[in-house]
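Here come two complexes built around chain A, the first alongside chain B, the second alongside chain C.
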Partner chain A sequence: MSHINLIHLLNPQHFPIFTIMLYFLGAFLIVLFGKNRILRNCIAFIATGLSLTLLILLVKPIMINGGVIAYWMGNRVPAGGYAIGIALEVDALGLFFGLLVATAVFVSCLYSFSYMSEDDNEPQYYTLFLMLAGGVMGLVFSGDLFNMFIMVEILTFAAVALTAFRNRVTGALEAAFKYLVVGCIGSTCILAGTILLYHQAHTLNLAQLGTIIAGNLDKNTIIAFALLFIGFCTKAFIVPFHPLAADAHGAAPAPVSVLISGVLTKSGIYGIIRLAYFLFQLMNLGAVQFWLVFLGSVSMFVCVTMALAQHDFKRLLAFHSISQIGYVLAAVGLSTALGASAGLYHAMNHTLFKGLLFLTAGAVLHETGTTDLGKLGGLSKKMPWTTVLFLIGAASISGIPPFNGFASKWLIYQATYEKAVETGNIGFAFVTIVALVTSTLTLASFVKVTQSVFFGQLPKECEKAKEVSFGMRFAMSILALLCILTGLLPNLVQKYLTQPAAATLFNVNKYINAMLGTGLPESGAAEFKPIGVWNPVNWLMLLMIALLAICIVAIASKYDAVRENKTEKVAAKYSLFYGGEETEFSQVGGGDLFWGFKHNWRHYFSFMHDLHSGIVNDYSLWAVVALALAMVYALIVL
Partner chain B sequence: MLTLNYIASFFLIVLGLYCIVVKYNLVKTVIGLSIMDYGVNLLIISIGYNGGTAPIFTEGELKAASFFVDPIPQALTLTSIVIGACVTAMSLSLVIKLKEMYGTLDTREIRRLRG
Partner chain C sequence: MDAVLNALRYLGYVLIFPGFLFCFMTGLLLAGIDRKLVARMQKRVGPPILQPFYDFFKLCGKKTIVPAAANKTVFLLAPLLGLAALVVLQLFIPVFRIQLHLGGASRDVADVIVILYLLLIPAVSIILGGASTGSPYAGVGLSREMVTVLACELPLVLVLLGVGRYVGRDTAGGICFSLNQIVDYQMESGSLITKASLIPAAIAFLLVIPGETGNHPFDAAEAETEICEGMLAEYSGAPLGVFKLSHAIKMLTMTSLFVMLFFGGVGAGVEHLVALMGLTGGAAAAVVTILDILVMVLLCIVVTAVGISLVHAVTARLKIEQIFKYYWTVVSALALLSLVLVWYGL
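Let's turn to the complex of A and B:
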């Protein structure tokens, strides 16, 4: 009998609940047995690795065969068309986000093994780490609105505790408190929205809510929409909430930053997509499209300009993170098949390159003890691996071909432009321009970071820095490899990952049918028609040629330099710039690179600086104002 | 009677938000979070109430004529109360640590991260 049961457990039907349980079980076991370092690492490795494996096994039935897994806890299936149990439902969209989460969690767990090994309270770290992962996984697989709220609370708590984990670091406690206050306002909004929906529909099941609410709005449900929307915005750190992300990232340990940036923000984006496309099915309305695209564009631009003015490595990366989330939101808000696919593609890339960048920042912090851009420099001599990996991440986020950021940004430009052509609305073309400008500013800001951290002269404080351990390099290399692969194979990524996920957004009835068996008519396959095609191989060739040229020039000039050195000795290498004498330390600060630009925009920058006052009351006020505006806008247009 | 409940719950939510936005004392911010939570709890309970009896039945006792309140919101409220308690506990522990580190409870002085 037990033999049969065991085989039954290998049914893919059970994989989603296993994935969630593995994380929570791992967290629980680490509390019990976490004192032993080897046992603890084994538990964390198995929990994260096995979850990732299970999800990869689900790719075939869900992504390729187009199946949907509806799983009723305790086998309490719907009775008379009414959902009475708690459900998990995994469609292509859920699985897509689940895969992102599992990958990011696995890699940052590998990184943590060596990165966190010098901290005390390590068992508590892994417990919270796995709880955060389990919370996000539960959120993306949940088929029940109230369970989504529970998972949001779990992940918020875990994230707050992890932010304050190194509580002697400047600002860690402060950041955690601010995040807790505004995060709780967001969670309360989600709860209030949930209960208002329950009042109207008397169910909490997502599919059933979709059948009842969609096309059947009244004032209650409209306010519920605004509440839920703002609630998920706080999780994704969309614009009025972006200072929290910056604070939290700066203070949290690097692997946690990966989770907050790569995983937590995705849970917010996932919530917004579920809400707007599935629950309320409002995305065919121009006003809602405008709402999402506008918020996305504002996030893009505001955060990238904030990033330009930063002096701290991790804080700068945090602002860029939200800027890239703006791309995702704007693309998803277009409500076209191409836009959704491009947005999800960018969401995936964001997890990969942002994770990589945060891990390299962590490596720099680990070796030098600071992330202040003014105190760093010349680390490429000491940490060549980290430098190369950082450059891959920086090229990806700035959208330089053939890395993955280019593939998704290119699709986003196309999607926004195509939308402008289709609707005749010039505003969408303007979004294309904002996206392009943002991408340029991103590149500018990464040139600054590269210059002030990895190039230039090595300050005396950093002379002890050396290359980080193999474990950390290995974790970073996985992400770098994925960055390159997803950039080189955009067609495969689109065909097997993003397009199936994007297609679910336009076939909501499939989700409802799989859950309730109602047999609603399903729409046909969505059409993805990009305007232009790009072939990464050409760009790769170009890159190779450029690299070859650089190598030739470098070798040739080195040959010259060697020959000259024979005659003029060492002083010759200073003569070019300094007229012969040996100079004092003369690092070109990152802040000086774009001084002209910054000077011209000084009013804007000082205005923004004063606005982000760091007082928790101000940030709460922004949240309240955003909530009020969202409610008023929703009541007017819906 | 229920109208009064709704008014009271939204009053509590708004009062909590007001407290968070206007008061500069960290402890008062935490109190504001709690008040907001209580408001939402009252809202949930009120939505489930229809004048019936408590929804406690054993097998065979439940008849078509039984008139009882919706049990789901009550279960939700319990969960929400637990979460509220966690929020309060966690934020107060952060407040203690903040007081140790910054020597003040004034939010206007706890702003090393800005700009």
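Let's turn to the complex of A and C:
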């Protein structure tokens, strides 16, 4: 009897709940047995690794065969027309986000083993880490709104605690406090929205809510939509919630930054998609499309300019993170098959390249003890691996072909411009332009980081820096490899991952049917019609031929190089003279590198500078104002 | 067997035409003509037209010195990567009707928007090379270079979106970014330069060319008199020669992109001409090909003369913030005008 049960457990039906359970189980086991370092690491490794494996096993039944897993806890299936039991539902969209979460969690867990080994309270770190992972996974797989709220609470508090984990670092507690306050406003919005919906529909099951609310809006449900929307926006740090992310990332340890940027923001995006596409089914309305695309474009542009003004490595990365999330939101908001596919593709790439960049920032912090761009420099000679990995990440996020950031951004350009042509609305063309220019601005700010961290002169304080341990390099290399692969094979990624996930957005009834067995008519496959042409493998092949040929010529023609002598003469060459006086070495550094750009935008920058006061009262006020605006807008247009 | 043939064909494309050899000859020729023209316009005698060739070979014979503070690998690899990326980019710019078979069912490997981003790779590689030297001059230079790239980006994007919309009007998607299709379209319905609504875009693109190539008056990034050529300050010998070559090839890339976008149909009459001459079959095809190439190179020279040399001769170098302002206001306004005109059906 018992072995029959065991075989039953291997049914893919159970995998989603296993992945969630593994994280939480790991968290509790580490509380119990976490004193022993090896045991602790083993538990964390097994919990994260096994979850990832289980989700990869689900790719075939869900992504390729198009199945949906509906799982009722304790087999409490709906009775009497109401779905009351706790349900998990995993469709291609849920699995897509689940995979992102599991990958990011796994890699940053690997990285943590060596990165966090010098910290106190390591067991608590892994407990919180796995709680955060489990929270996001639960949110993504949850089939009812109340459990989504529970998971949001778990992940918010785990994230707050992890932000303040190194609480001796200046600003860590402050950042955590800010995050706590505004995060709680967001969670409260979600709770309030959930209550309103329950009051109206007497159910919390997502699928059933979808059948009841959609096309059947009244003032209560519209307010609920605005509340839930703003709630998930705080989780994704969409403008105007972006300052929190900067503070949180600046203070949190690097692997936690990976989770906050790669996983937590995704949970917000996931929430917004579920809300707008499935629960309320509002995405065919131009007003809602405009809302999402507008917020996305504003986030894109505002955050990239904020990033240009930063002089701290991790804060800069934090703003870029939101800028890229803006791309995702704008693309998903287009409500076209291509747009949704492109947006999800970018969401995936965002997890990969952002994770990589935060880990390299962590490596720099680990070796030099600072992330201030003004104090770093010349690390490429000390940390060659980290430099190469950073360059891969930087090229990816800046949308340089053939890396993955380009593959997805390029689809986003097409999707927005195609939407513009289809609707005849030139506004969408401006989104394309903003997206294209933002991409170059991103490149500019990564040139700044490259110049002031990895190249340039090596300051005395950094002379002790050396390459980080193999464990950290290995974790970073996984992400770098994925960045390259997903950039070179866009067709495969689209076919097996993003298009199945995007197709679910336009086939909501499939989700409802799988859950409730109602047999609503399902729509056919969504139409994908990319207009551009880009064949990265061929390009790379040609480039390799050219590079090889040029290298052969270069070597054959004695392209040999003589290293300059390290005599005192050389030092004199780099001396700087201001008004005839020799001064200390100074880089053309940090915040002022793009003077030519910033000078022309000085009014904008000083306005933004005044706006971001860093006072949590102001940011709470922004949240309230955003909520009020969202409600008013929703009441007017819906 | 197919694979071997393909590999050989790719090799031919990359090394000979329209790859390395062609780029090398034409690029340096354009640079030489530019120098001569500027000199004549300023009533100087000027160097011989082949001067850039002499310079290149002389530089290749010189010793390369790696600065003590530099990262040697990046320092030496950056110029090569930039050159390779430029040469490959040149393959995607069609020469009227010469179709390269670069694999796949589609005739294209990269469309115009991709080319826009592939153009960033040479810029990034020179920035990386400069940054790796650790020189403060390079720091200033790369800052300016990046701002110049940023400045050019907006007008370029606007021009390309306008052209894509104009050409794509009659196609299913409503947009066309394939350079091959843009050229085909012009073969049938005349060069885009003759369409009233795209003339502002063409002017804008013409003004972007010197900015993208880093020619006077937009050469703040390399200003010899104040920051000793910026990113190139520490370079010597063959790597410097390669950067100079890349600069020359970039002139070819930008001018030929302009020619393909706005003068794409000019070669259309060549076939009739050849038929009049009484040639048929393989000989006719060969003559058409050679004439096509010649016409393109001639047009590139004309564009260089107007877009680069003339501008060079009559202006003084701008400050970096002026460059940025100029591109984001005047030039972008021109390009935007075109986009709006095209959008509303003109």
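Criterion: the second predicted complex is superposed on the first by the 585 of 638 C-alpha atoms of A that agree within 3 Å, B and C clash if a C-alpha of one lies under 4 Å from a C-alpha of the other, contacts with A are read in each partner's own complex, and residues count from 1 in each chain.
Note that contacts are C-beta pairs under 8 Å (C-beta built on N, C-alpha and C of every residue); 3 or more make two chains touch, one makes a residue touch a chain.
Because the structure is a prediction, the values reported are computed rather than measured.
Once the two complexes are laid over each other on the shared chain, residue contacts for A:429 go to chain C alone; chain B is not touched. By the touch criterion defined above, A:542 lies against chain C but remains apart from chain B after alignment on the C-alpha atoms of chain A.
Contacts of A:153 after superposition on the shared chain: chain B is touched, whereas chain C is not.
Shared-chain residue A:188: touches chain B; no touch with chain C.
By the touch criterion defined above, A:399 lies against chain C but remains apart from chain B after alignment on the C-alpha atoms of chain A. Once the two complexes are overlaid on the shared chain, A:287 sits clear of chain B and of chain C alike. When both complexes are overlaid on chain A, the residue A:177 reaches chain B alone and has no touch with chain C. In the superposed pair of complexes, A:492 makes contact with neither chain B nor chain C. The larger set of touched chain A residues comes from C, when the choice is between chain B and chain C. Chain A residues in contact with chain B (one complex) as well as with chain C (other complex) do not exist. Here chain A touches chain B in the complex through residues 146, 150, 153, 157, 160-161, 164, 167, 170-171, 173-177, 180-181, 184-185, 187-188, 191-192, 195, 198-199, 202, 204, 246-247, 250-251, 309, 315, 608-609, 612-617, 620-621, 624, going by the rule given at the top. Taken together, the chain C residues at the contact with chain A in this complex read 10-11, 13-15, 19-20, 60, 63-69, 71-76, 80-81, 83-85, 87-88, 91, 102-104, 106, 108-111, 113-114, 116-118, 120-121, 124, 127-128, 131-132, 134-136, 139-140, 142-144, 146-147, 149-151, 153-154, 157-158, 161, 164-165, 168, 173-178, 220, 237-239, 242, 319-321, 323-325, 328, 339-340, 343.
Residues 13, 17, 20-24, 26, 29, 33, 36-37, 40, 43-44, 47, 70, 72-73, 76, 79-80, 83, 86-87, 90-91, 94-95, 97-98, 101-102, 107-108, 110-115 of chain B are the ones that touch chain A when the two sit in their complex.
Residue ranges of chain A in contact with chain C, taken from their complex: 378, 380-381, 384, 391, 395, 398-401, 406, 410, 413-414, 417-418, 421-422, 426, 429, 432-433, 436-437, 439-441, 443-444, 447, 450-451, 454-458, 529, 531-535, 538-539, 541-543, 545-547, 549-551, 554, 557, 559-566, 570, 574, 576, 586-588, 593-597, 599-600.
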